[in-house]
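Input: structures, listed below.
Common to both upcoming complexes is chain A, partnered first by chain B, then by chain C.
And then the complex of A and B:
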């Protein structure tokens, strides 16, 4: 019995990947440790992220119509497969709590200073619960609307900011030492581009399975290019002081003042950033609930959405004590911490599937490696 | 605050758990109850000011100790 009946198209997937990846990187832009060379780091990061994506896309191509939890069960067997699935689901769960904590920190430190963080957290998670319960189709539809309007607004703010651009802030180019630049590039790849590994829980619900690879690559490249644009914009507006800000995009947008009429645009920009965060949290909440339901062989994932959301909210409160600690975590620890989940698990699963010749080309047929013994004898 | 928390969890039980009992979805009921109970216990502990360590600094410290990171 299928746990999810909704279906999404490739355009929806591209939009969802964009909203998902831009979600938290809009708050803490990637590649910042490279300073003015951040845009170069992000461009290198796109290449690395595409390589990481190629691994999990090969895996999903080998097992069309299966989530990572089901793939692990087929490749590793029922016991080890469950352990691998739990490790992967932990990553989605932790990532969801990080996003939630990040947004709560953003709003409670810049806008709603006197509001208790738990109230902000509850407001965000309630909407995510509602979306996750409705299914992936509804989340994707929300994504198409949010991303379309958000992109238009991004272009509009960049246009308004163009009069403050100081191209000299980008020069001299490539002054960052190579190890630091490559580390920044790796940081940009793991946060947020390769986080699209979470879509291993979503790919099975794509209308046309052949669109999975082009749609994912398009989504990652598109996101990377927009992130590069944001990095350039922040650098040419804020200059070297950009590194001092925790939320440079917010501070870049606050400078907009067109004839004393168009100003305080940051409120609207933050609303769009929040909407992207909603998309990311909703996808992760959906992924964890669906994965847990598949892990426990349940008939529906919906009863698990609220309990998982409660636990995610609690962890969100205990991730980092302040936004500075979040920046430290993203710059120093996350590029190493995320790698086993983003690359090692899919790569290991793919290698073992290739060695054991386990595959499932057709979504409705049994995997080749698990044919009933009678059929093998007949052959 | 504790009363508010209990009220919140009663609301969740009424909306999420009771329909599972009505539909006789015992497996779903068991998993959802375990997760919800874990959430409730953790919430109560937080209410009573039990200090849990923050996760991100712990991971950052471990990573910085193990790996020579160019960013740190």
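And then the complex of A and C:
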């Protein structure tokens, strides 16, 4: 029952994590509640995200080669395990629809105002369907190219913006009251850094399982640093007006005007961000399809991709009435809503796995039904 | 029936590829927002006035006529006149006027006169009349902040009388007057004659807690042309000072340069001093300023340190001024002149109770704890700030000659 034959290497995983995380944070930068101290909030958020990641990484280390759906089956047993898997898959599904809705809102309100949003949505989701059907290896390869070029472009735009930097806008430093700062940090941790919990559906396909932890940590730290850079850049370019914008990165890049020749580059930057969004949606779509196929013990996940995509699109259209509501959800509700999925489920699974002393070292498939605890001597 | 003469499988693939390419071509050229150059009216300059009727806005726009700019066919607006019509520059633009209750509505009301869909991404300047600015400028700015078509580097200007008449007349040597005005503001700012305020700068100043908005002033003047014919053209000089979003006063030429000295924005300019029976001009080649706020036993003090380098550009007396003690005297007079300009600007701003220099923000940065108490009363505290000036001005050169070419007989 090999649902996925592709394999990805650790560099691919790092870049995929980066594209995945940037895919959301570029359009709804984290830590804005902290104002000019957003960059500090993000740095704290990286630490918190690493702690959350440690939990689900421990889980995947314990069960290498198994996705979360398979792990819950083993740990909780066939009935409860399926319920837990469904809950987790719902999180991925909802996240996918949030990302889709975010991108549609972004392009709809800034660029293609008259175009019906469903057309934009369809354009994105069609490519994601094609990528998800081809498997995680293809998605990762796309990711490597997109992230490499995208990073270069990000550095380029930052370089062009440097003449507009006013470092004094970062001052006074650390004057945000602690509760606000910590809430912003928590927001940065849950959106988007700790969303890498979705990769519990991807880790089994890593070439060398020993790379899982270093690659994920590297991915999270690297993404966090780039997000910090973006927060700093937006603050020093936009100053006090930053809090008025729905999409501050857009307005920051719009100010680039070198000798009246290099200007209007915000559309190119937006295209790269769109590619990151594609990566994220493709991974989520893939995760949900694969998970559902495993849940139902199907031979292949591919037939599920299109139906899941359609459902995701419909949800995306109806999630929020306007982008302002979406941002409010991200700032206020999401940090709490996401925690059960990012932290509680992996933690619970890990604890129960340890208690039941279930371990998988060689990737043998387990018979269905309750099993007696097994002692494994290999460490 | 097969579309391509290959195997069944390949045919299917190629058909799908063709279909997706066609969809992409159709959809991605802008979808429903697809705009053909022939279908749009490019607005290059906007003038906003109050009408005699209460609460309505008069909009005067300069609209580019692409056919008048290049030989024929739609070239994009914003380029200087190529071949085509030389001669009368104002033929490259048309003027349209409407009224509306809000800026957005007024722009849309242009639809009947414009015959095409309006396009704002090539707008270069927005001119607002003084009268309207005194009543509150934000109701005009909000549209430009919210809509994504106008670019953030639009220059914002205040017209001394009527914005419409500024739009009606030529400026600079461009064939598109609004573009000329756009360049004129930048040139004026280079010489510290008027501040160069983009829409982005205006947004930042308006969003700031204590720093007030400034804007360049523009007015008409009469120029005598080559054949003695009189032409009315547009000039940019002076600063409009705001408190909140209402205009409260102006800065004259000297005070404007004072503002620039403090903001570290002087790039070049001429300082004229009187010495040895004549006037000498010193050209500024470098000017750097540093502002340091200090709270000294409950008194607010701002220390401004200025470092200026100039070159002797021209002298009216025939005395040889390149001796060290003469240079020292000139430097003293130069420093005194700079000091006058700076204190003039600060005095005027303090009179108007408008912190246009960003002193409030500097205190916020250095004393965040005390700032919490200072912030609410800043409008009252600002006039009481003591200024300590430390000006270091050096004359670094005298041009090509070291003594006047004229020998006294």
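Basically, the second predicted complex is superposed on the first by the 363 of 379 C-alpha atoms of A that agree within 3 Å, B and C clash if a C-alpha of one lies under 4 Å from a C-alpha of the other, contacts with A are read in each partner's own complex, and residues count from 1 in each chain.
In the analysis below, contacts are C-beta pairs under 8 Å (C-beta built on N, C-alpha and C of every residue); 3 or more make two chains touch, one makes a residue touch a chain.
Note that the structure is predicted; figures quoted are calculated from it, not measured.
When chain A is checked against chain B and against chain C, the one touching more of its residues turns out to be B. When the shared chain is aligned, no partner comes close enough to touch A:153: not chain B, not chain C. Contacts of A:217 after superposition on the shared chain: neither chain B nor chain C is touched. Look at A:332: by the touch rule set out above, it reaches chain B but stays clear of chain C.
Put simply, chain C touches chain A in their complex at residues 27-28, 30-33, 121, 145, 148, 151-153, 200, 203-204, 206-209, 361, 364-366, 368, 371. Partner chain B is touched in their complex by these residues of chain A: 33, 94, 98, 177, 179-180, 182-184, 187, 292-293, 296-300, 303-304, 306-308, 310-311, 314-315, 317-321, 325-326, 328-329, 331-333, 335-337. On the side of chain A, the complex with chain C involves touching residues 109-116, 119-120, 123, 168, 171-172, 175, 238-241, 243-244, 251, 254-255, 257, 263-264.
Looking at the complex, you find that chain B touches chain A at residues 12, 15-16, 20, 25, 27-29, 31-32, 35-36, 38-39, 42-43, 46, 52-57, 59-60, 62-64, 67, 69-72.
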